[in-house]
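One chain, chain A, appears in both complexes that follow, with chain B as partner in the first and chain C in the second.
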Partner chain A sequence: MKNAVGRDIPESLLTNGREVYQGKNYMDGKYMQKAAPKTRRYEKPQESKIVDSIVDALKAVGARSGMTFSFHHHLRNGDFVVNMVMQAAIEELGLDEITIAATSLGEAHDPVAQYIEDGKVVAIQTSGIRGKIGEVVSAGKLKTPAIIRSHGGRPRAIEAGEVHIDIAVVAAPTSDCVGNCRGIGGKSNCGSLGYAMTDAKYADHVIVVTDCLVDFPNMPASVEAIDVDAVVVVDSIGNPKKIASAAARISQNPRDLMMAENVAKVIASTPYFKDGFSFQTGVGGPSLAANLFLEQEMNKRGIKMGWAIGGICGPMVEMLKKGLVGKVIDVQDFDLDAVNSINQTPGHYEMSASQYANPANKGAFVNKLDFVVLAALEIDTGFNVNVLTGSDGVLRGAPGGHPDTAAGSKCCIIVTPLVRGRMATVCKNVVTVTTPGDCVDVLVTDYGIAVNPLRPDLIQCLDEAGIPHVTIESLQEKAYSLVGTPDDLEWEDKVVAVLEARDGTILDVVRKIKPVKL
Partner chain B sequence: MKIENNAVAGTLESSDLQVAIEPIENGIELDITSSVMNQYGRQIKATVLETLERLEVTNAKVTIVDKGALDCTIKARVECAVFRSCGKSDKNLPWGGALK
Partner chain C sequence: MIPRPRPERFRLRRSMMFMNAQKPGLIKDAYIYGVDSIMLDLEDAVAENQKDAARFSLYHALKTIDYGDTEVIVRINGLDTPHWQEDIRVCVAGGADGIRIAKCESAQDVLTVEKAVEEAEKEFGVEVGRTLLMAALESPKGILNAYEICAASPRMFGVAISGGDFRKCMQTKPTVSGVDMLVARGQMLIAARAAGVQCFDTVFTDLDDTEGFLAEVRQNKEMGFDGKSLINPKQIRPVHEIFAPTEKEVAQAEAWVSAFREAQAKGIGVFTVNGKMVDVAFIPGAERTLKLAKACGMYEGDLV
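And then the complex of A and B:
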């Protein structure tokens, strides 16, 4: 069945009331029954929940074959915890039929690809899917299609009981002996633990893995002892160099800077650019550089930013310290400046993924956003964005908060170069729709700006400010004239991944790619 | 043109390609690997064959490792490899003739 973004969704996926994507805000006003975990009572006072090893922790919570294990990705590419837990479960305890429900998976988790090939891990639910896991899933080796969700779609699915977590594993930079966890104060600090919060509340069992045990009580706790069954102390939960980079530096690339300057001009031309406005930006070259030019526009106008959200890095913390932004609310930290600031700098707070972006709760932060500046792997002439699959059809990205912030914000700006190498970023049809075109408002490229025709009000703003803009079709034609018209990808029937819209409907599917042989 | 010696042109940098050419006796033998094979493989093959035809190369083993180069780059690297293989790449190149 064709959905609202023109994607053909196989009928076989439309079971148990599952629907195809119908357009934004389709679920507004509907009721949902929240699921509740089945948890063990610890009435008799415990001195400590520390056990000797991950295997002992898994045994203590009754780990069995067929269970769903959840993980969060604050340790990013430095994470050791997913691999340690999977090794203990599969190689030491001999479990199989395992589902991994992670907030994101990347190159750090390449060893999991072997467990997929061996048939031990049979299902994956995640936002990011990269590295070897992306390759083996794309090659059709996972027993069931991977389910890809946004950062807001995941807590929605957990709360609705569509994902039932048997065992949540929290990778904690610090914990006390009963499982109060924080993202700071240890040797592998990551700052916010926002993605782990919903998991810990809705899982039947919670295991904390830490490499820095601190005195009770570890306060203020991001994940609280009231939800934790067992604590394991290991030598190292991750490689600090890959968890948080040194300060994210603003690009010096003149092309990035030109695009960033245009982003700031577009923002300044809209009526939402007034004292107290709200903002989120990505950490890619031109997105991050937009901070710099936005600051200049704010100074020119004599206004300040009310608040910023997101994955946070140094330049935003800098603006907070300068008093240019009132509050920063943070679900994940990308560099040491942000890690060392959260819950320390006045006005820098932590939030859960649900509070950040869940479309089914009663007031996520994304719904109050004025502006979001985002990147794209591809954007098509219908303003649909792909941030999941490469132009060759292989899974190598993550929706992350992209669809959530695009849908919630008043003005969503995509900033991307027109072509990358021989890849046309602006194309006729994206490989996979991860963010629907009805949520995307403006495209800024190095060859020009295009405004979504669904937003005549913004077109008028740009015209009044004298900012030149063109149709997105003309940008696509320009791109193809530079790199040539790409052949359409060829697919087999087998679906290797289902891309859920943030509201739980099906936005797109990824099929197994048929590689071109000459 | 007759391929006389082994020759190489280009690099393995992003947006470039490396062309290796060797003399053989029985027609064109073409091997292509590309980072953009699924979208541009057929076009790369067509561009290489067209370029060889324009230079009247009828016998050669050509190995292409492409890193997402544009058509103009592909043509230039193939032309360079062919002229190098005949020792004719240093002077009197036929600009405006066989080389467009």
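And then the complex of A and C:
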């Protein structure tokens, strides 16, 4: 069945009331029944919840085959915890039929690929899927199709009971003996623990893994002891060098800077650019550099930003400290400047993934966003964006908060070079639709700007500001004239991943790619 | 193959950005930054044993990349090297808009290059006279002979000073005030104006010294330069901003030109605009201001 972005969704997936994507805000006003976890009562006072090992913690919460384990990705590519827990569960306890429900999975989790090949891990639900896991899933080795959700779609699915977490594992830079967790104060600091918050509230059992035990009470706690069953202290939860990079520097690449400057010009041309406006940007070269030029536009106009959300890194913290931004609220911190600022710098707060981006709650932050600046692996002439699959059709990306911020914001700007090497970024049809075109407003490339025809108001803004723009078709033609027209990918029938829209409908599927024959 | 229109001898050249002709990543789309002219370098940026590879890269770029309105000039190797003849053949065969003669010291140098260019034009079936020339003055002798160099050929559109070599000869270093090259710049400007060609300043190499760069560009404009040589795209916008006319200048130029056209139609020579007497002598300058304003997005009328 064709959905609203023209993708053919197999009927076999449309069971249990599951629908295909119908367009933005389709579920608005509908009611949902929230799913409550079944949790154990600890009425008798406990001196401590510390157990000796991950195996003991798993035993303590009754881990068995067929269960769903949740993880969060604040330790990014430095994370040790997913692998430690999976090794304990599979190799030491002999469990199988395991579902991993993670907020993101990356190269750090390459060892999990083997458990997929061995048939021990049979299902994966995640936002990001990269490295070897992406390769084995793309090769059709996971028993069931992986489910890919946005950062807002995941808490929605958890709250709706579409994914029921048996055991949530919290990788905590600091914890006390009963499981009050914070993302700072230890040796593997990550700042915000926003993605772990919903998991901890909705899981039947919660295990905290930390490498820095601190005195009770560890306040203010991101994950609270009232939700935690067991605490394990290990030598190291991750590699600090890969958890938070040194201060993110604004790109000096003239191409990035030129695009960033145009992003700021587009922003300044709209009526939303006024005192107190709200903003989110990514950490990629041109997205991050947009901060710099936005600051100049703000100074020119004599206005300040009301608040910013993200994924946050140093340049935004810098603007907060300079008083150019009122408040910064984040689910994740990308560099040490941000890690060391959250809950420390006045005005820098933490929020949960649900509060950030969930489309089914009563008003997430993304719904109040004026502007979001995002990157793309590909964008097609329908303004549909792909941030999940590579040009070879293999899973190697993450929708993250992309679809959520695009849908919620008043003005969503995609910034990307027209071509990357021999790859056309602006193309006729993206490999996978991860953010539907009806949520994307403006495209800024190094070869020109295009505005979605769905937004004649923005076209008028650019015209009045004298910002030249062209059709997205002309950018796509330019891209193909530079690097050639790509051949269509060849797929087998088997669906290896289902891409869920943030509202729970099906936006697209990824099929098994046919091996390349030269 | 990309056909390029016939080069214009006098066009807007506020910014000329140097880039190594051997770096495909740089030259493939250098026009996106909005520079007026790009200067593909076969000389100092290219290692001695890479000259041939750079020529192949240059030829391929000229033949396959659509640079649009951006002027494409090539800096060839000096006449004291074994490379310049082959450089010229490649430029002409590829259809470059112009050639920058490195280390030019006399009218004879221009004539020597012109002869080779003409031969190449005939060899490759290019319209004779199509390829423009400009000269880089890099030595005291070049500065002393500036006028005869500027006036040596109808192909000449301009002259530029090259600070690095010139300062070496003069045993000076760059100064904040620009006094080290003040006389040379002045003499070159006078010669260029006397010969009716354009005049460009040297590059500013310290990319981190934004203030120093801006000060030098402002001085360039005050002295009467047409433009500046650049080494990085981030230098383009400040140059265009500084070389842009003020809104008042644009309004005045517009008033003068339109009044002149009206007066001309009525057969009147001298007339007044806002109480000021204006005659034909003011008009070329006013038209130049309007053209510049148009390029800067400050003027949208149809007087130019």
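Keep this in mind: the second predicted complex is superposed on the first by the 518 of 518 C-alpha atoms of A that agree within 3 Å, B and C clash if a C-alpha of one lies under 4 Å from a C-alpha of the other, contacts with A are read in each partner's own complex, and residues count from 1 in each chain.
As a working rule, contacts are C-beta pairs under 8 Å (C-beta built on N, C-alpha and C of every residue); 3 or more make two chains touch, one makes a residue touch a chain.
Treat the numbers as computed from the prediction; the structure is a model and nothing was measured.
Peer 1: Figure out whether A:V169 sits in contact with chain B (first) or chain C (second), or with both, or with neither.
Peer 2: So A:V169 meets neither chain B nor chain C here.
Peer 1: Does chain B (first) or chain C (second) touch A:I513, or do both, or does neither?
Peer 2: first
Peer 1: Mind working out whether A:R422 is in touch with chain B, chain C, both or neither, as first, second, both or neither?
Peer 2: first
Peer 1: After superposition on the shared chain, which partner residues are touched by A:L489: those of chain B (first), chain C (second), both, or neither?
Peer 2: In the superposed model, A:L489 contacts chain B only, not chain C.
Peer 1: Specify the partner with more touching residues on chain A, choosing between chain B and chain C.
Peer 2: If we count touched residues of chain A for both partners, the winner is B.
Peer 1: So, A:D446: does it touch chain B (first), chain C (second), both, or neither?
Peer 2: Second partner only, chain C.
Peer 1: Using the touch definition from the top, say if A:A108 reaches chain B (first), chain C (second), both or neither.
Peer 2: A:A108 contacts neither chain B nor chain C.
Peer 1: Under the stated touch criterion, which partner chain does A:D392 make contact with: chain B (first), chain C (second), both, or neither?
Peer 2: first
Peer 1: Once the two structures are fitted together, what part of chain A is touched by chain B and by chain C alike?
Peer 2: 482
Peer 1: Considering the complex alone, what residue numbers of chain B touch chain A?
Peer 2: For this pair, the touching residues of chain B are 14-15, 30, 32, 35-43, 45, 67-71.
Peer 1: Which residues of chain C touch chain A in their complex?
Peer 2: Within the complex, chain C touches chain A at residues 28-29, 32-33, 232-234, 297.
Peer 1: Residues of chain A touching chain C in their complex?
Peer 2: Where chain A meets chain C, its residues are 254-255, 257-258, 446-447, 466, 482.
Peer 1: Under the stated contact criterion, what part of chain A meets chain B in this complex?
Peer 2: Residues of chain A touching chain B: 391-393, 421-423, 482-484, 486-487, 489-490, 513, 515-516, 518.
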